[in-house]
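Every chain is named by a letter (A, B, C and D) in the order it is written, and numbering of its residues begins at 1.
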Amino acid sequence: MDTDNGMGGRTLPETDRQQRLSALAHDYLRIRRFSEQLCTPLVPEDMGLQACADVSPPRWHLAHTTWFFETFLLVPHLPGYRPFNPAFEYLFNSYYNGIGEQYPRPQRHLLSRPTNGEVLRWRQQVDDAMLTLIHSNPALTALIQLGLNHEQQHQELLLTDLKYSLSFNPLSPALSSPLAANEDAAPAMTFQPFTGGKVEQGAAPGDGFSFDNETPCHPVWLAPFQLANRPVSNGEFRAFIDDGGYQRAALWLSDGWAWVQQQGIQRPLYWQADLEHHWTLAGIQPLYPGQTLAHVNYYEADAYARWAGRRLPTEQEWEHAARHSQQHGHFADSGHFQPGLAGAGQLSQMLGDVWEWTASAYLPYPGFRNADGAVGEYNGKFMCNQMVLRGGSCVSSRDHIRATYRNFFYPHHRWQFSGIRLATDYPAQ
Amino acid sequence: MDTDNGMGGRTLPETDRQQRLSALAHDYLRIRRFSEQLCTPLVPEDMGLQACADVSPPRWHLAHTTWFFETFLLVPHLPGYRPFNPAFEYLFNSYYNGIGEQYPRPQRHLLSRPTNGEVLRWRQQVDDAMLTLIHSNPALTALIQLGLNHEQQHQELLLTDLKYSLSFNPLSPALSSPLAANEDAAPAMTFQPFTGGKVEQGAAPGDGFSFDNETPCHPVWLAPFQLANRPVSNGEFRAFIDDGGYQRAALWLSDGWAWVQQQGIQRPLYWQADLEHHWTLAGIQPLYPGQTLAHVNYYEADAYARWAGRRLPTEQEWEHAARHSQQHGHFADSGHFQPGLAGAGQLSQMLGDVWEWTASAYLPYPGFRNADGAVGEYNGKFMCNQMVLRGGSCVSSRDHIRATYRNFFYPHHRWQFSGIRLATDYPAQ
Amino acid sequence: MDTDNGMGGRTLPETDRQQRLSALAHDYLRIRRFSEQLCTPLVPEDMGLQACADVSPPRWHLAHTTWFFETFLLVPHLPGYRPFNPAFEYLFNSYYNGIGEQYPRPQRHLLSRPTNGEVLRWRQQVDDAMLTLIHSNPALTALIQLGLNHEQQHQELLLTDLKYSLSFNPLSPALSSPLAANEDAAPAMTFQPFTGGKVEQGAAPGDGFSFDNETPCHPVWLAPFQLANRPVSNGEFRAFIDDGGYQRAALWLSDGWAWVQQQGIQRPLYWQADLEHHWTLAGIQPLYPGQTLAHVNYYEADAYARWAGRRLPTEQEWEHAARHSQQHGHFADSGHFQPGLAGAGQLSQMLGDVWEWTASAYLPYPGFRNADGAVGEYNGKFMCNQMVLRGGSCVSSRDHIRATYRNFFYPHHRWQFSGIRLATDYPAQ
Amino acid sequence: MDTDNGMGGRTLPETDRQQRLSALAHDYLRIRRFSEQLCTPLVPEDMGLQACADVSPPRWHLAHTTWFFETFLLVPHLPGYRPFNPAFEYLFNSYYNGIGEQYPRPQRHLLSRPTNGEVLRWRQQVDDAMLTLIHSNPALTALIQLGLNHEQQHQELLLTDLKYSLSFNPLSPALSSPLAANEDAAPAMTFQPFTGGKVEQGAAPGDGFSFDNETPCHPVWLAPFQLANRPVSNGEFRAFIDDGGYQRAALWLSDGWAWVQQQGIQRPLYWQADLEHHWTLAGIQPLYPGQTLAHVNYYEADAYARWAGRRLPTEQEWEHAARHSQQHGHFADSGHFQPGLAGAGQLSQMLGDVWEWTASAYLPYPGFRNADGAVGEYNGKFMCNQMVLRGGSCVSSRDHIRATYRNFFYPHHRWQFSGIRLATDYPAQ
């Protein structure tokens, strides 16, 4: 967590401060309400679904994000605040050992109580108190912004987790509207060259909100490279499958090949056996060839790149490119919760549509330090065994994503909207 | 399933037949409604709870019992009947391979659809149709009685499964009213002698409804034996614990000792670490010493008997005793869903309170044959690796239990209301 | 363990006693040497093989049987005896909690020390001391006989375990000589009727050595039944496979069907995919159709019987038949370590060739009591979850098997020479 | 694999070529014989030990290294060469999918055949043929050097695997001579500063043998840093334990804390519960406080560094330091197979004693490409989920280790001689 609020040491005139607080209160209400809006198409019975330990029930997401504000803001900073239910500190703590023990993650679906209604009443109590706090304690702005970005991360997880959990129901319920039929091919894949050299990476003071893992800003040395103008499409990945991609050991990392063999993997998550339909939050839908590919893991991304004679970009290459040129794709506000067709630009869908696997392990930047206290567990303790993804997805909020943003998942994870953008050396190998 | 309806070849006068049909319709409605009444104290979010693969969600129980009537009665026998939703044939098939594939048991909690309301509407459609069928096709009486006894079994499972699933919620929700405080000791344990010899076992034609596994009636040879006047109490089992019962390998079967060691078992299921409280459907409650013990598995029952210098009865001994003398204990209609204090009779609580582990493996009686068709999978295919329990429990319906009734669970199972009645040779060893 | 030596209270004349002791010493040396002879065709590297936790290395069998004599005979009864190595008490204790902790069973293959040579030196020390003990303490005869029968059980296990462990080596080493080619069919299967009624079961005092689990002798009531004249042959089981036996759920117990599905079972253990060869201790050999079938588990035996329209006998039926008529088949002394072709008698191969699965769970006889002390763990603590097999096999010693002998394995076990003899009700169903 | 033989395009005079070939033959024989010498103190029964899937039996190591020369050199390049046994191609293939299927790794201990003697005869045949090949085909020098470096890697594994497998034997066999008693403290820990900037990394053409994963040579940008003068000692790690290091979640990566909790970890591998002795190849020996610590995994190394207020170096920092200053420590030729006391230099034990965990994930260098063919599977396919270790250990051969050498293991692995060298930013945090 970056506790630098980006305002340096300046003393703001009173009017500016009021406006800023009002803006924060406005953001607070907007973001908090969006969590609840995402649940509108759900039936109450959906709110407790959890299909594996990696995902959480919608009700849990609504509760945990509320827990964050109660635990890190209201209890320590709002005089006289009384927690809604003291037992919730334990029930809805995700992984903060500094706060205390946690209710076992694989059992979150067993929490039928508190009910949907109780969680909403808790949210109301916390929101009321937060508005008081926002207007009474401007020193907490950075921590509140962290809470709001945290809530936005869980909005994305609520959707990806729900997509996963509902996928086990053969009745194929639909929560969103399907994409319009579109059999167009994606634009031709071309590669944009970058000369590399000594370049700056990471979020700098004054850049606005960033998570702690994006800091500090630091130089790296990059060799010349090229980056694809768009992510890989469904149709292109279909060619990999048709070429025996899942049967050829030589294309795969050793751990990836073990995964393919042990799990009997033959296609991306959610693709149906006909390779022409996929499970979406709008139910089973046609798989359009030009549509950007999602739901592959790192092993699949790496194998595809090898098959294509390319490679995945490092996160440094990706960020360097994204700083100079980016075009936005599709975000959660589209309401489709599916990646779309890439545009014709030089670097389209750099932000939005799908998280792009990079060839970089998730590790601390030089000089990185965890924040003090339990909130220091936010990002730092996960810096092992995971790979960095960049760029946000079709279930991210547009104002939540930026070029320096580092997401991270284990190489075997597929339930996120994760896709592939190719890179290559310059000159090409 | 015993398809003999117990009426031999007699032709009933028309009036008798009408009354019997009316009685069946009355039973049908009473038993079906009781399933729904059991759910009255639940919040809607509870209806999907499933804490492990052995248990099922309440909503699933309501659906599966309905599936039974739709699949085995309405579809084959009621002309023009259309299933509520054809997909439910797969979703709510428990284990009948003769019907087709089954939705994976451990994932039943993932079926948020059909919703609670849809399941109730399905129940209504099936009940309406069943009433028509009952009055139009008297040849189906035995099969309908099987369906009703099946529903009563699931009523018991609904309660035991729910007790288990709710036990994972630290908020300790209460669904029923607690027992009145009672620190009385159980009556002194005495042993009732039986002379044995050649005795008859099993359900005979004309005895009324029985499951197929209770037949055929057959002779067995019993050595003289004695049976305890009542089940073991909480206080008595506490003495076993205090005497190091869970730490002494010599008291245990080999598989039982492995279970104790691997799971770190120290007390019956639901007992709290203080050994003075237990989890009940009325929340955490005091553990009364005279109250009949429940929630031990076969290994614990066997080890306790060895520690006490006694043994468990065989199912033949138990049934022989139960045929000659029985006093009823507590059933589901008490509304407490807990075993109570045993009465002062010679053989109290033979029926009700707790299922009593016997020393008999669940095997077919001599001459047993499975019924034809999918309904033949009801009991016979489970005749391996399980032990017989007898007598019903505090969550059974009083009219569902009889002396010949054979229940069966794996030796490691503890989530049923399963207890211990001691036996010994005669003269005593 | 039956500590009754079968001699009642008679005082033997001195000469008889000397002869009996000499006979015991002779048996002792003969049986002990046979263990070592069985290892003659092995290379030293084979002596540590252990392919799963159920089996033990040959070196371990040689050591554990020696441990039995040292622990239960020499240390308590031979004054001045010093154990070969005090650490061996722990290393080679199989499962006697009364003696102390045990080295973890799955790790027995990790005991490269003591070496083969050290184990043989230990055997020599123990044998020398045992001969002294045999001639100095006649009161120990029954316990020594138990030790010798224990060694004979491990001789059989040494062979079955080694067959299993070597089966993982694609080089297919051969330790024994193959059967002569024989394409003859088995004699026609016929059924021998028995009238049943009240019959005696179990070993009686004076019958000679028996294990404790064969006692006490007791009456049972048998319905009339019929027993097949011989076990099922390879060719007959091939017809079950060809008829889709492994694909038809209706033929299987529920636990058996789960086993078939989860393990992808398609044929008996050691059968090759061509269904015309099997792995034997003579290497890969032709599977002769008339040869008695081996290496099926209880689930397969039960499914075969159902497919054949018959059933498995209970152990009471089997024993009753074996007491009246038995013909011996092939034992370990044949040196082939394979079941052969059944003879033409009314009940051929009742003893020898293959252990025959019965429909009886392994449970104590009425009035059974464990012996006192650690040796009481020999049989009694396994009386749960296992099924009884009767009759010995082609790797048993001829003088080790009798009509009352009860062997027991879990229903899923296949590595023993376990086969099928059919039974049916009388008159036939 | 680096197929550049380091000789550029020069044509060597005939005499030089002969000498170089003689030197290669000399190296070949010296290195091959060392594998067998390492087995001298073993008993034949030790040769098949395999305590888990990560380790292999000594006999397997002797066979697999021979397989490498037969498969990659003799079969394709020596006319008329006939494999010793065609089945060995499958049995002793470790992980080369390009060659074919592999015998399952966890079952290597089941290969009692080929025997120890047969493997030695195979080695002799291959060595004879290799000497012919060395003198007849100088173009294969690089591939032969790869084979020899491969054999040296397996010599180290033979020792670390054997240490692990023997550790399960309570008899504590000793294969090597113990260290002389030494209670001296290690030299005071100081930090050597480096200014960083743009520096070169990796092996350059002409540097002599290197593995492919050390190439290509490339620039990186380093911030100023400091590196400790020596690895952490046993006594220093003892202070971490005494300070509750294994009980404080805040010190651990999330995956590391899960590992500690699930495995109940309380001390480094091989440390005895008294924290004053450890298991070594010389048996249980005193743990000297000044002796360099070994057998910690990445999680422990990272937690220790955090506890000490320092961090682990990146592999780039480590290599940069090692290029400028290095002092050798203890290698396999010492015969003790234990790390010793660090010397007094500025950067002692950079090479030898213990592999040093770096903060770098094992990933390809910019521009890295796998070699063509099966030998391309040597390193590249493991570039995921593992961390880089640098510097060799007390069981490495001195001539096998260099500053650019990259070793890699999973973060949870502890059975290697893996230790900790601390780093810190400059100026220190």
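The definition used in the following text is that contacts are C-beta pairs under 8 Å (C-beta built on N, C-alpha and C of every residue); 3 or more make two chains touch, one makes a residue touch a chain.
Just so it is clear, the structure is predicted and the values come from calculations on it, not from any experiment.
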Just to confirm, which listed pair, B-C, A-D or C-D, duplicates the contacts seen in A-B for more than half of them?
C-D
Per the C-alpha centroid definition, the whole-Å distance linking subunit A and subunit C comes out as 60
So how far apart, in whole Å, are subunit C and subunit D when each is placed at the average of its C-alpha atoms?
48
Roughly how many whole angstrom separate the Cα centroids of subunit A and subunit D?
38
Hey, what residues on subunit A touch two or more of the other chains?
none
Taking touching chains as linked, do they make an open path (line), a single closed cycle (ring), a hub with spokes (star), an all-linked set (complete), or other?
ring
In the complex, subunit A residues that touch subunit B:
43-49, 51, 59, 87, 90-91, 103, 107, 109-116, 165-166, 168-171, 173
Subunit C touches which residues of subunit B in the complex?
95, 97-98, 198, 218-221, 223, 249-250, 252-257, 298-299, 302, 359-361, 363-364, 366-367, 369, 377, 381-385, 411, 425, 429
